[in-house]
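Supplied in structure tokens, the structure appears directly below.
Just so it is clear, A, B, C, D and E label the chains in written order, and each chain counts residues from 1 on its own.
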Amino acid sequence: MYELQVSQIFIFVIVGFALPALGMIGLAWGLQNVLGYHTPNPIKNQPYECGMKPLQEAIVQFDVRYYLYALLFILFDIEVIFIIPWALATDNLKNIFGQEALLLGPLEILVFLIILTFGLAYAWKKGALEWE
Amino acid sequence: MEFVNVQELVSTGVAEALAFYFIAALAITLSIGVISDKNVIRAGFLLIGVFGGISGLFFLLQAQFIALAQVMIYAVGITLVVVIALMLTNPRLQNEEAEEEAIASSEPALLKFLDSIRNGFPGLVAWIAFVTVYMAIRSEHWEQSTQTIGEDNIAVIGRALTTDYSLPFEFASVLLLAALIGAIMLAKAEKVEDTDTPREGIESGSN
Amino acid sequence: MSTEIKSTELKTDEMIINMGPQHPATHGVLRMLLTLDGEFVKHAEPVIGHLHRAQEWQGQNRTWFQYQALIDRVDYLSGMFTSWAMARSCEVLDECEVPERAEYLRVMVSEMNRISSHLLWLGTYLIDLGAMFGFPFYPFREREKLLDLFEEIAGQRMMFNYIRIGGVQRAPNDAWLKRLKAFTEEFEDRVDEYEAIVTENPIFLKRTKEIGILPLSLAKQYGVTGPSIRASGTDMDLRKTKPYSVYPKLEFDVHWLDKPEGGDTWDRYILRIREMRESNKIIKQCLDMLPTEGELSGKKQNAGLRVKAGEAFSSVESPRGILGCYVISDGKDKAIRFRWRNPSFCNLSVLSELLVGSPIADIMAIFGSVDVILPDVDR
Amino acid sequence: MAEEKEKSIEKIVEAPPEIGRFGQFLKEHGIASEKLPDAAGGIEVISLDAKNLQSALKILRSSEETKLDLLITVSGVDSRQSGGTFDSVYHLWSYDNLNELVIKVKIKADEVEEDSLPAVPSITNMWPAANWHERETYDLVGIKYLGHPYPRRILNPWDWDGHPLRHDYVQIVDALNDKNPHSFR
Amino acid sequence: MNAAEIYKLSRLAIFWLSVTFGAVWVACWGVGVFIPSLITGKMPFLLQVDNPSTTVVFIADLLRSLTPILSLLVFIPINAMFMVLFERRSLALFTVRMGPNRHGFDGLAQTAADAVKLLFKEDITPRGADAFMFTLAPIIFFAPSIFGALPLLAAVTNNHDLFKVANLPTGIFYILAAASIPVVALVMAGWASNNKYSLVGGLRSAAQAISYEIPLVLSLVTMCLLAGTLDVVEIVEQQKGGILNWNILGGGALSGYDKLAPYWLNLVDTSFDTSAMFGQFYPVPWLSSIMAFVLVICTVLLFGLYLTGACAEINRIPFDLPEAESELVSGYNTEYSGIKFAIFFLAEFTNLFVVSSIATVMFLGGGDNPIPKWILDRLPLEPISNALGSLLSPLIKDLMFIDPATFWAAFWVIVKVYSIVFFAILVRGTLPRFRIDQLMDFGWKRLIPLALILFVVVVFARTWVVCHG
């Protein structure tokens, strides 16, 4: 059953990508070429800039701000991914009376999060979260 | 309503093998695309395919957790960081490089040879690294595990994290903290004030 | 690789971008040339003229009677005021008496027009802020009622041609007055409604507070008038400072904010809201004081309309500021020169100063808050 | 009707001899001005030499007495038919008091050389508001403002021929149906 | 409110919902049940085959296993058409306008006409655009909405046999991973268009989506912590039995009260000793009760957090900055036209549906009816259902026409999902748009700390309460 699901998902992923691709090829190229809808010309193909000729190429050396957010995102994403297996080990969370472990699991994740919260606080203080 | 035949087909491993070769071919093609594409940003975007393929391989190995983490962190996060970082590069530099190449091709033979050595050096290092890793993998005798994988293997990881590996788990957070501080230090480096040249007037009727 | 990274290495290119003329949010056809550093404006330059209809040229080439039907189109949202400015110029020049009843009617319809103009501004301003489908149509609901009233009294919903040289075009009937009265009675509640949705909305506050600050000195240099400058710390309103028509007989307040360091976009918003309430008050008073009998026009309305020779400049307080009309006549059937002083034209020129340093997202918030009508700019 | 017209034309010709309030003020500060007939409503109109414009405006604007700090418009008038001049007209108001003044700078049309435009000093350095007004006057009436930071057309396309508000303007090209032969568009 | 307009809106909703789900049902039943049964001879009165050949059985199985993806393929376009029309008419209702009311009967076919128009529009690739990436971007944007939502299918159809196969043990994690992919496509679209507005829009969307993904994921992980599993079918299973068991109310923290309520209300045998049972759920009575209510507050907040994050993730107002038309014209899809634009459009509305379904499954009990079981038991429903059952039995038994369990589950899911969709439209009809820096501030300085705090509180509160997991 388990193997079946995985291979099924695999098929779904392929279908998911193939379908819009095929649809686009079929409709955008096939249909439009057959019906003669595809009549590009220089003015039509000009990138849209509110009706004026673009003054400059669009691809320029761009902003540094997004970069920092992306870095922070990866770090927090890794953190979340560490949390997930921990959260699923429900033994961690049995009430204290049924277990000898005495809140060990919660305390562990608390320490983990506190250390990372320092990171967030540092970023906050350093102005890394400001959109200057 | 049992799925007799489809399941049989899958469990024979034929489909699995086919899927493996398909994904592996995809990942390798795309990674070659990544290193050979002239346009760095497009090369960055191709990374999503490479990481996606690797994630597919993990899926086939039934390591769903790692496969999905691969998608979330690498295929999305790392790709975005790489692409955004590449947008910080100057697109005009590529054209300049092409010009430099054109100049280089008119140089004397000896210089050209030295240049080719210089340019080939990173490739050489990569090859050496690849061969080393390959040899290491081949020299190890890998046993085939007969253990079946439980459906709650993520919970198993979680349990391990709280019992046997709780210290590494905490260290992971310290590592993340260090990485975070490092990232902020790098990106928020002291800014030197621009000495801006006065703006040239834009012709209002220029087109 | 540490703190020694020079920002020159990671410097971003300037991006020069056209915003408009065909942009969904530029209220018509304004073109702005923006030089961006990342998402922030380094330099902004409004480029106008896309909507130029040669209104001044037409003034020189049309008879007085023809031209007075055209000028509502200068500022199509407040046509009463353009008509009134021209009528006043010509009347001053002509030394022509305007009957009292006509004056009351003029004040009444103009204030109605001020309300309808501000209502439209309110709706579109919220669209500028991204409340694309929600609130904008509530002001339009009230505006619709006003336009119905205009349609009945002037025969037109926007290009009224109601205020004529010497008086007004026609008198309202009792049913009309009754409807207007009903409108004024419920309008106060409607404004409360808008305020309940908008004024204290946290996102609205975030988007409008502390942006687009227009210091008083800068505003004076650029000749900014109307609610935009009253938000920055002067009480200049022609209805009070240089009273005309029957305004001296009416009781109303001119709202302004004592903020020499500059009013932000929210201040400009709140002033317009308050102005609508004041206009409503004025209409109520006019309804009470309007003479039931009397002349409507001090001048005959026909194709032979002439204005005495000489020159005159008269202005009215339009919803956007001082709307002036400079007219030179030689007594013949056409004017020598018509020159319009449009509030939008002057208010728009300050935009290049206001926008510098603000992010792209604020461009429309600031631009919308100075309330510019492009036909009024380009004529 | 005809009598009336006669009378009103006379009104323009007959300049009242005495000097006005602002004329007196300028005279005290050593700037000569000429009193023109009042505009309707009794607003004082004075005429200045082009060379005196900047200094006069500076005084009128900064002095506590006049404080004419609101530049309403700068307009150009082609009055070659009536007076043989191009007028650059400045309407000045005050934000704080009720002062009003109209200043005219008259450039004699016959002193302007062929193929060149009448020139008046720009006041953009004093009032940024004048920037667009002067550009518009240049565009439509064809008066050049010396020292203007950006002396381009503003309302008409940049390659437009002629100045439409001059009384002798003839549109060379049908703008809707024909293309301007000089256009680079 | 205008009664006639509300009537028109509900008529529209009922019409399109029946079209949408009717089509899906016909496709699923036809391919998953009818044809396989027909060719393998399981249709009792149509065709009798004693021993179907292996090929025939294989084909039948293949058809059945393709049912989930087929249902999505049928569902996505029709649903998008419905949602666009629904949104337009609802907004018209909120803003005292008419809305589309021409095409078809009173505007019912408006979006169908739009769709046809879009498919036949010319496909333009702007000059200087990277044609390959320009074409790839909509594909990458759209694909996750097809394969990403699959595990939900099993959950919302009450684990129907045909959809069982779509379920995964890592269900919600899989959905989240798939849902994070489209961001890359937006940046790709923005970059490949060679248009400044697109570029800024694409990068903005990246910054926004990655900032709001963390609180979004954290809120769902917290719910998984309460449930003890990532499997969406299991999560729905846990929540069965009425509103008190739903995850939005403490993730099962109230299930003790739910169980004991009939005893306290003297609906059943009063001699039952409730305190012992209470102790099972709430080990330290007073502390556990407090903690149960702390959990309730936390989960309600988490629900809000999820909705906020989801709104930002799928670029809905007030977080629709990547395509803020008053700034960026249309953001990343400015240059797109024809079929490529249609694919972007389709995926956006599908994403709205998917995030609403996730909210339904994770917080609102999936296909569970809101009435607590102990009330439902006391209602005289049995005779009615028996009568209906005997009436419909030929359909159910022989043709396998309707499966009552699936039908009611799907019904409640539809009600809940479209309520959330309606709420999203209402928000769109009311709020202005944030500015990008305010948006990032809100994400990083408010939502992420809030999510972390809620997580820790839930972790500790849960140790005193017996929850589902």
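Everything that follows uses one rule, which is that a residue touches a chain if its C-beta (ideal position, glycine included) is under 8 Å from a C-beta of that chain, and two chains touch if they have at least 3 such contacts.
Treat the numbers as computed from the prediction; the structure is a model and nothing was measured.
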Most distant chain from chain E by Cα centroid: D
Chain pair that, of all pairs, has the most C-beta pairs in contact: A-E
Per Cα centroids, the chain farthest from chain B: D
Closest chain to global C-alpha mean, per-chain Cα centroids: A
Approximate Å spacing (C-alpha centroids) for the pair chain A, chain E: 19
Intercentroid distance (Cα basis), chain E paired with chain C, Å: 48
CA centroid of chain D to CA centroid of chain E, Å: 69
Chain centre separation in whole Å, for chain E relative to chain B (CA means): 32
Per-residue multi-chain contacts in chain A, two or more chains: 2, 4, 6, 9, 13, 49-50, 52, 54-55, 57, 59-66, 70, 72-73, 77, 84, 87-88, 90, 113
Numbers and ranges of chain B residues touching at least 2 other chains: 3, 6, 41, 64-65, 69, 72, 77, 80, 84, 87-88, 90, 151-152, 154, 202, 204-205, 207
Where chain D touches two or more other chains, by residue: 153, 157
Chain C residues touching chain D - in the complex, by the definition given at the top: 48-49, 52, 54, 56-57, 60, 92-93, 95, 220-223, 225, 234, 236, 241-242, 306, 308-315, 322, 324, 326, 328, 330-332, 336-337, 339, 341, 345-346, 349-350, 353, 378-379
Footprint of chain E on chain C - complex, ascending: 15, 17, 23-25, 39, 126-138, 140-141, 197, 201, 203-204, 206-207, 359-364
Sites on chain E touched by chain B in the complex: 54, 57-58, 61-62, 64-65, 130, 132-133, 140, 161-162, 165, 168-170, 173-174, 176-178, 180-181, 183-184, 187-188, 191, 203, 206, 210, 229-230
Chain A partner contacts - residues on chain B that touch it in the complex: 3, 6-7, 10-11, 15-16, 19, 41, 56, 59-60, 62, 64-65, 69, 72-73, 77-78, 80-81, 84-85, 87-91, 149, 151-152, 154-159, 161-162, 166, 169-170, 172-174, 176-177, 179-181, 183-184, 187-188, 202, 206-207
Chain B - residues contacting chain E, complex: 1, 3-6, 39, 41-42, 45, 48, 64-65, 68-69, 71-72, 75-77, 79-80, 83-84, 87, 151-152, 154
